[in-house]
Amino acid sequence: MSAILLDPIALILLIPIGAAAVLALLPGYRLTSRLSVLASLMTLLAALSLFTVEPAAPGSYLLVDDLNIVFVVLNTFVGFTTSVFSASYIAHELEIGKLTPLYLRFYHAMYQVLIFAMNLALVANNIGLMWVAIELATLTTVLMVGIYRTHEALEAAWKYFILGSVGIALALFGTILVYLAAQPVVGEGLNGMVWTVLIERVAEFDSALLNVAFVFLLLGYGTKVGLAPLHAWLPDAHAEGPTPISAVLSGLLLNVALYAVLRFKMLLAGNAGAIAPGPLLVTMGLTSLIFAAFMLYRRRDVKRLFAYSSIEHMGIIAFAFGMGGPLANFAGLLHMVMHSLTKSAIFFAVGHIAQVKGTQKIADISGLTATHPWLGWGLTLGVLAIAGLPPLGMFMTEFLIVSSTFARNPWLALPLVLGLIIAFGALLLRLNGLAFGEPRGSTAPAKASYVPMFAHLALVLVAGIFLPAPLVAWFQHVASLLG
Amino acid sequence: MALVAGFLAQAMQMALVLIAAPLLTGFVRKVKARLQRRRGPSVLQPYRDLYRLMRKEVVLAENASWLFRVTPYLIFAVTWVAASLVPTFASGLMFSWAADLIAIIALLGSARFFLALAGLDVGTSFGGIGSSREVMIASLAEPAMLLIVFPLALVAGSTQLSNVAEFMVSPDVGLRVSLGLALIALIMVAIAENGRIPIDNPSTHLELTMIHEAMVLEYSGRHLAMIELAASMKLLLYLSLLACLFLPWGLATQGMGVAAYAVGLTSYLGKLAAGGVLLAVFELVVAKMRVFRVPEFLGAALMLGLLGTLLLFLSRSL
Amino acid sequence: MQLVAVALACVAVLLGAAVLAVAVSARRVASTVVYGACLAASSIALAAALVHFAGTSPVTLTLPLGLPWLGAHFRLDALAALFLAVVNLGGASASLYALGYGKHEPLPGRVLPFFPAFLAGMNLVVLADDAFTFLLCWEFMSLASWALVMAHHRVEDNVRAAFIYLVMASFGTLALLLAFGVLAGPDGAYGFAAIREGVQTPLENTLVLALVLIGAGSKAGLVPLHVWLPLAHPAAPSHVSALMSGVMTKVAVYAFVRVAFDLLDGSDWWQSMVVLFIGGGTAALGVLYALMQHDLKRLLAYHTVENIGIIYIGLGLALAFQANGMMAATALALTAALFHVFNHSLFKSLLFFGAGAVLTATGQRDMEALGGLIRRMPYTSFAFLVGCAAISALPPLNGFASEWLTFQAILQSPDLPQWGLKFMVPAVGGLLALSAALAAACFVKAFGITFLGRPRSHAAETAREVDRFSLTAMFGLAGLCLLAGILPGFVIDALAPVTLSLVGERMPAQADVAWLSIVPIAEARSSYNGLLVFVFVAFSASFAAYIIHRFASHALRRAPAWDCGFPEPSVRTQYTAGSFAQPIRRVFGTLIFRAREHVDMPPPGDSRPARFHVDLRDLVWEVLYLPVAAIVNSTATRLNHFQFLTIRRYLGLVFLALVTLLLVLAIWL
Amino acid sequence: MDRLIFDIAHLLAASLVLISFVQLYQDRLYALLNTFALHAFMLSCSVAWQAFIQDAPHLYITAAIALVFKAIFIPVALHRIIQRLGIHREIETVVGIGVTMLAGIALVALSMVVMLQVTTEAEPLAREDLAFALAVILLGLLLMVSRRNAVSQVVGFMSLENGLVLAATGARGMPLVVEFSVAFSILIAFVVIGIFLFRIRERFDTVDVHVLDRHRGER
C-alpha cells in the first residue's frame, strides 16, 4: 500500500481521483477551490518527482518513458495554474449568479476527474486503457462545456458529444485492428495491447492491417486533436464553456489526443511494410492550418477566435511531426509545449476580459491596454506569442519548422508560409481591435489573478531566448524516438 | 613660380568671366535690337545698370527673412565659381580639377535651389509662380544635362572638362552622331536654363508669362544687381561650355605662356560673339511657347541625350 | 579588448533601460533617465565601432542563448562595424534629441520602454552572426518599432499603419527565413561561418537573392513593397520616425549586403539587372510620391524610399561589376552605396528632427497650415535648410558627394560586356538624375512652404523655438553633413576595409591625393574637391558682400511687398504645397498617379465658392495590395460557412474523410 | 466441424450486414427501431457464438448486454420517447433510399477490398469478420449522415457500435471487450438521455426547437 502511495505514477492518478471524490461532497466554494488548487499542486509535485525516481519496469497497464513524461509534467503544470485561475474566475461567476454552488461543487470535482483522465491517458501503457481514459476525458469535458445550461452551451456540448463519440468509436475500431495485427505475433490476451510489447515486435505485424488501423486511429483521435475537417466541435466547445475549461481543452486535451496519434505514428514507423504516416499528418496539418487561418478573419466571438487559432497551431504541430526528422520533431514538441502555455495564458486573460466587459463579442471590446493595462498587455503579449513573434518561444519553433521544411521540400513550405502569414494578419487585426484604439465597454477594474497568466508568458519568453541544456537534450532524445 | 603663374591664370579666368558676362548680355541685346531695326541701348548698358543698382538703397519686403538677403550673394558666388571652373581661354587651369562637369551642373542647381527659396520667402503669389515653374523646368533640364554628360564622358573617358576639351581637339575624336545629338541637346538645355525665348522671356514683366523675373520680383538695389550679374554669368557659362566642348580650337593649356593665352583669349571672345549672334537670331525667329509645352521641349533634349549614349555604344561596338 | 563584448554590453544596458522604463514610466524624470541611458549606451557602442575601424580583424563572441545546440553567435567585422556606427550615431542623436523632445510626449508609458528596445534590436541585428539570432533580432526590431508606431493608438490611422507595417514586416521576415533555410540546408547549419563555406547551386543562388531582395526590400521600402513605410514612419513620435527612416532602413540594406556580398559566393549579371531596375524605379517613384504629399513627415518618409532606391542602384552596379570581375568598379559602386547609406542616415534623421520640432512648436504636420516659421524658429529652420540642401545633393554637402560617386560608377558601365547592362545602366543613370532633380524641387517645396512665406495658421504664427537638446542634436547632424561633404576622402578611406572584406578590392586611397580632393578611378577621369568648392564659394560670397557694402550702398528700407494693387492680400493668396507641385504634377502625375483635376465653378450670381480638387490614385496599392486583400476576404467569407453546418453535415465530413482515406488505401496499396 | 463453426460465424456476421441494409431501407421510425432490435439480437447471437467457440465466458456478458440493453431496453425507451415527444413517424432522407442503398453497396465493396489486402496469415475467420464489421460500421455512419431524424441517427450510431462489438469479439482473446461494450452502452445511454433531456424532436443539431429562432453563436 505504502509502496503505491510513494510511487509517483500512482500518485498522479490517485490524487486527482481522490480529490474529485472529496470535492464532490464538500460544500462552500472557498474551501473547495482551495482544495482543488492544493490537489493540483500535489499532482504537479508528484509529476515532477517522476524525474527523480527511477521508473519501475513498465507494467502491462502503466508506463512512464521520456515521451510521456514531458506531456505529464506539462499537463499537471497547466492543470495547476488553471486551477488557480479558475478559483478567482469561478468565484466571479458565482457572484453574478451564472453558477449555483451545486454546479460549482460539480465543476471542481469534474475538473479533477478530467485531470485524472488525462494523466491516465498519458501514462497508460495499454492502448485499450488509453482509449478508455480519453473517452472519460471527453465525457467530463462534455459535461463541463454544458455547465452554463444556456441553449448555446447545451448545443455546443451536444455537438461536441456526438462528434466526439463517433471519433471515439472510430478510434476503438482502430485499436481493435491494432490488436488483431499484433495477436498472431505476440499471442492472444493482454499482451496484444501493451504498448511496450507492441513497439518492439511491430516489425513483424501485418502491415496492411496496420494501415487500416492507422486510418481509423488518425481520424478518431484526430477528431479530438481538432484537425480539419474533424474540428467542428472545437470552436463552439471553447466558446460556450467556462473559460478555464477552454484553457484546459486548448492547452491539454488536444495535446493528449495528439500524444495518442504520435504513439501510433511511432508504431507505424516501426513497420517497414506499412504506409508512411508522415504524408497523412502533413496533409491534415496543412489543411487545418490554412483553413483555420482563413476562419480567423470572420470571428466575432473572442473565445471562438482563439479556438480557431488552436486549430491552426495543432495543424502546425501535426505538420512538423509529419515532416519528421530531428529538427522538425524537436520543433514540433517545443511548439506543442509553447502553444499549451501561451494559449492557456491567453484564455486566462480572455476570461477576465469577458468578465469585466460582460461580453465575448470582439466588437464590444476595445482599447484594453488603456483601460486594463495588465490584461491588455498580457493579451497582447500572448497574441504576439502565438503569432510567432520573437523573443517569444514560438518564433524559434516556427523558424525551425519553416527553414528546415523549405530546405527539404520547398513546395510544402509555400502553403505553410502562406497559412502562417494569413493567420498572422487575422490575429493582428483582432489584436489591434481588442487591445488598442478608443476604449469601449465597461472600464471597471478587474478582480483578476494575473499570476498564472504572467507565469506562463514568462516561461514562454524565457524559452524563446534560452533553453536549459538538459531540457534540450531531453527533447532531442524524444525527437529521435519519434523518428 | 609655376604655382604663382597658375594662380594668376586662374585669377585671370575668374576676372574674365566676371567682366565679360555683362558685356555678353549687352552684346546680345544690341544685336537683337539691330536685327529689329532699332538702335538699342549701348553694349555697355548692363554695366551702367549694375552700377546704378548697386548705388541704390534696397527696398526690402517687411516679412523678408535673412535667407532673402543672403541668397543674392550666395547665387552670385556659386555661379561665379561654376563659371570660372569652365575652361574659357585655357584648359587645365590650376583648380580646374576641383569640380568636374557633374559638379558644375550641381553647383548651378544649388544656385537655382536658393533662388527658388527666395522666391517663396516673401509669400506673394508671383514668387510662388516663379519658383514652382522654375523647379519644374529644372527637374527636366538637370537630368537632360546629365544625360548629355554621359556620351561626352564616355567618349573622352573623363568628366573633367579640361580633359574632355583636350580630347576633343585630339584627332581620335572623329565625327560621331552621338556628339551631334549631345550638342543639340546641350543647346536646348542651355536655352531653357537661361530662361531665353522660347522658354522664358528675360525682358517680360507680364505676370503670367514670367518665370525667372517672377522669382526676383521682390529684389531691388544691390541684391538685384547680384542676381542680374549671376544671370548673365550663367549665360556666359553655358556659351563657354559649348565652346570648350564642341569647338575647343585655339584653347591654350596651363602653362603654355602668355602668347598662347592671348590666342586662346581672342578665340574665346570670337566664339562668344558668334554664340551671342546666333542666340539673338534664334530668339528673334522663334516665338515663346506655353509653359506646359516646355516639358515636351526638355523631354526631347533628355531623349536626345539618352539616344546619344546608346548610339555611342553601337558606334563603339562597331 | 573585446569590442564586440563592449557592444553587447551596451545592448544589455539598452535592454535594462527598457525594463526600467516599464517600471518608472509614470514619473517625470523617466524620460530624462531613459534617454540619458540610451545616449550613453549608443555613444559607447559608437566609440567601439569606430575603434574597430582601426584594427579590422573580425572579433566573434558566442553566448549560450538562442538555438540551444548552436548558441547565439555575434561577430564584429568591418561591415558590421560600419553599420554599428550608423545605427549608434543615429541612436545617440535621436536620444539626445529626445531628451528635449520626449518631454512633450503625452503617453511616455507607450514610448519609453520600446525606444531602447528598438535601439537594442537594431544593434543586435548588425552584430548577429547566425541565421537564428539574426532573424530573432530582426523581428524583435520590427516588433519594438511596431509598438512605437502604435504609441498614439487612439488615432485610427496609426492603428491601421501599425497593422500594415507589422504584416509587411513579418512577410519580409518569412522571406528571409526561407532564404536562410536554403542557405543552411536541410540539416540546419545556421551559423554564418558555416554558410560562408557552403556552395550554392545557381538555382539556390538565384532563389536566395530573390528572397533576400524581397525580405530586406520590404523593410527598406523598395517599390512595390514600400506601402507600409509612408504610413508607419510618420505615425511614430518624431525621434522614432528619425530612427526608422534614417537607421532601420539601413539595417535592411545591411541585411542585403551581408547576404548578397558576404554569404553568397558571387552572383550572375542578369540578377544585378533586376536589382538595378528595382532600384531605379524606387528612386524615381519615391520622389514623385513625395512631391504629392502635404504632410511634412510623410513627405520625408517617401524621400526615404527614394534614397533607398539610390542606394540599391549602387548595390546593383556593384553586383553587375562583380559578376564581370571588374573589381575596381565594384569597389567604387559599393563604396558609393555605403557612403550614401551613411549620408542618408545623417540628413534623414536631421530632417525628421526638424519636422518633430515643427510638430512640437505648432502641433501641425500639414504643410498647408504652416509657413513663416523661419522668423519664429530661426535655428531649427537653419538646420533644416542644411538638411534639405544635403538631401537635394547640392554641393558641397555630403548628399552630393555620394551621388557623385554613384554617377562615376555609372560611367564605368561601357566596359560591361553584356548588352542588357550596357543599355540599362545609362537609363538608370537618367532615372537617378531625374530623382535628384525632383528631390531638389521637392525640398524647395518642403522648406519654402513650411518655413518661408507668411504663417498660414495661428499655430504657425505663435510658434516658439524648441529646446536646447533638440537644437544640439540637429546642429550636430548638420555639422556632420557639412564635414562629410567637404572631406569625403576620409569617409571613403574609412569604407575601404569594408569593400576589401566584401569584394577584396578597395577604392584608391584618397588621403594622399593633393588638396584633399577625391579621385574615384584616376585623376585624368574625374575628381571632385568639396573643400575647395566650399572655400571658393564662401570666399567669393563674402568678397562680393564686402566690396558692395564697403564701396557701394548698404542702405536698406523696409516696405510692404509688391501687392499688385490689391492691398493686404490674405495669406491664402500664397502658393500652397499643392499649387507649388502643380506643374510637376501636370507633367508626371497624369501618367503615374492617374491625377485628375476637378473644377467646380459656380454659375454667375451663385455665391458659393468655386472648388478645385485633385484626386490621385496609388496604382501600386490598387494593383497589388487591394486584390490580395479582396482574395483573402472572399475566401474567408466563403469558408466561413463551415462554421454554421449542422451536426449531420459535420458527420458527413468525417464520413467523407474516412471513405477517402480507405479508398486511398484500397486503390494505391 | 471447423468448417461448420466457421460457416455459422460467417452467417451471423453476414446477417448483421444484411440487417444494416434493411435499416437503410426503412422509412418509418418504428420499423427502423424493430430492425435495430433485430440487429442487436443478431449481434448478441454472434457474440454468444464467438464466446462459445473461443470458449471465452466473459464474452457471454457482452452478449447479454447486447441482448438486454440494445435489443430490448433501448428500442423500448426510444418508442416511448417518440410517443412522448410526438416525433414525426416518417424518416426524412437526405437522398433517396435507392441512392443510399447503392452507396451502401459501394461501401461494403470498399470494406471488402480494404480487408482483402490483409495477408492471409491472419486467420480467415478474423479476416471475414473484420470485413463484415467494417461494412457494418460504414453502413452505420451512412445511416447517420443520410437521415435527418435524431432517432434514426441514434440508431445509426448504435448499429455502428454493433459493428465495433462484432469486430472486438471476432478478435480472438481480445482483452477489455466487456469494458468496451459497457463503456459504449454508457455512451448510448447518454445519447438517448440527451435526446429526451434536450427535447430533441426532428433535428439532431439543435437542442431545442426554440433555439432555431434565436441567434446561434456566431450568426
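Letters are used for the chains, namely A, B, C and D, taken in the order the chains are written, and counting of residues starts over at 1 for each.
Everything that follows uses one rule, which is that contacts are C-beta pairs under 8 Å (C-beta built on N, C-alpha and C of every residue); 3 or more make two chains touch, one makes a residue touch a chain.
For clarity, every value in this text was computed on a predicted model and none was experimentally measured.
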Inset, instruction - Considering only mean CA positions as chain centres, point out the chain farthest from subunit A. - result: B
Legend entry - Two chains sharing the most C-beta contacts: B-C
Legend entry - Gap in Å, rounded to a whole number, between the CA centres of subunit D and subunit B: 100
Inset, instruction - Calculate how many whole Å lie between the centre of subunit A and the centre of subunit C, each centre taken as the average of the chain's C-alpha atoms. - result: 44
Legend entry - Where subunit A and subunit B are represented by their mean Cα positions, the distance between them in whole Å: 79
Legend entry - Cα-centroid distance, subunit C relative to subunit D, in whole angstrom: 69
Inset, instruction - Name the residues of subunit B that each touch 2 or more other chains. - result: none
Legend entry - Contacts with 2+ other chains: residues of subunit D: 114, 117, 141, 144, 204-205, 216-218
Legend entry - Residues of subunit C whose C-beta touches two or more other chains: 643, 647, 651, 654, 658, 662, 665, 669
Inset, instruction - Would you please name all pairs of chains that touch? - result: A-C, A-D, B-C, C-D
Inset, instruction - Using the touch rule from the top, collect the residues of subunit C that touch subunit B in their complex. - result: 371-372, 374-375, 378, 385, 389, 392-395, 400, 404, 407-408, 410-411, 414, 419, 422-423, 426-427, 429-430, 433-434, 436-438, 440-441, 443-445, 447-449, 452-454, 515, 517, 523-529, 532-533, 536-545, 548, 552-564, 569, 571, 573-575, 579-584, 586-587
Legend entry - Residues of subunit A touching subunit D in the complex: 128-129, 131-132, 135, 139, 151-152, 154-156, 158-159, 161-162, 165-166, 168-169, 172-173, 176-177, 179-181, 183-184, 187-190, 192-193, 206, 208-209, 212, 236, 239-240, 298-301, 304
Inset, instruction - Enumerate the contact residues on subunit C facing subunit D in the complex. - result: 643-644, 646-648, 651-652, 654-655, 658-659, 662-663, 665-666, 669
Legend entry - subunit A partner contacts - residues on subunit C that touch it in the complex: 64-69, 131-132, 135-137, 139-140, 143, 150, 153-154, 156, 159, 162-163, 166-167, 170-171, 174, 177-178, 180-182, 184-188, 190, 632-633, 635-637, 639-640, 642-643, 645, 647, 650-651, 653-654, 656-658, 661-662, 665, 669
Inset, instruction - Would you tell me which residues of subunit D are touching subunit A in their complex? - result: 114-115, 117-119, 121-123, 126, 130, 133-134, 137, 141, 144, 157, 160-161, 163-164, 167-168, 171-176, 179-180, 183-184, 187, 190-191, 194, 198, 204-208, 210-211, 214, 216-218
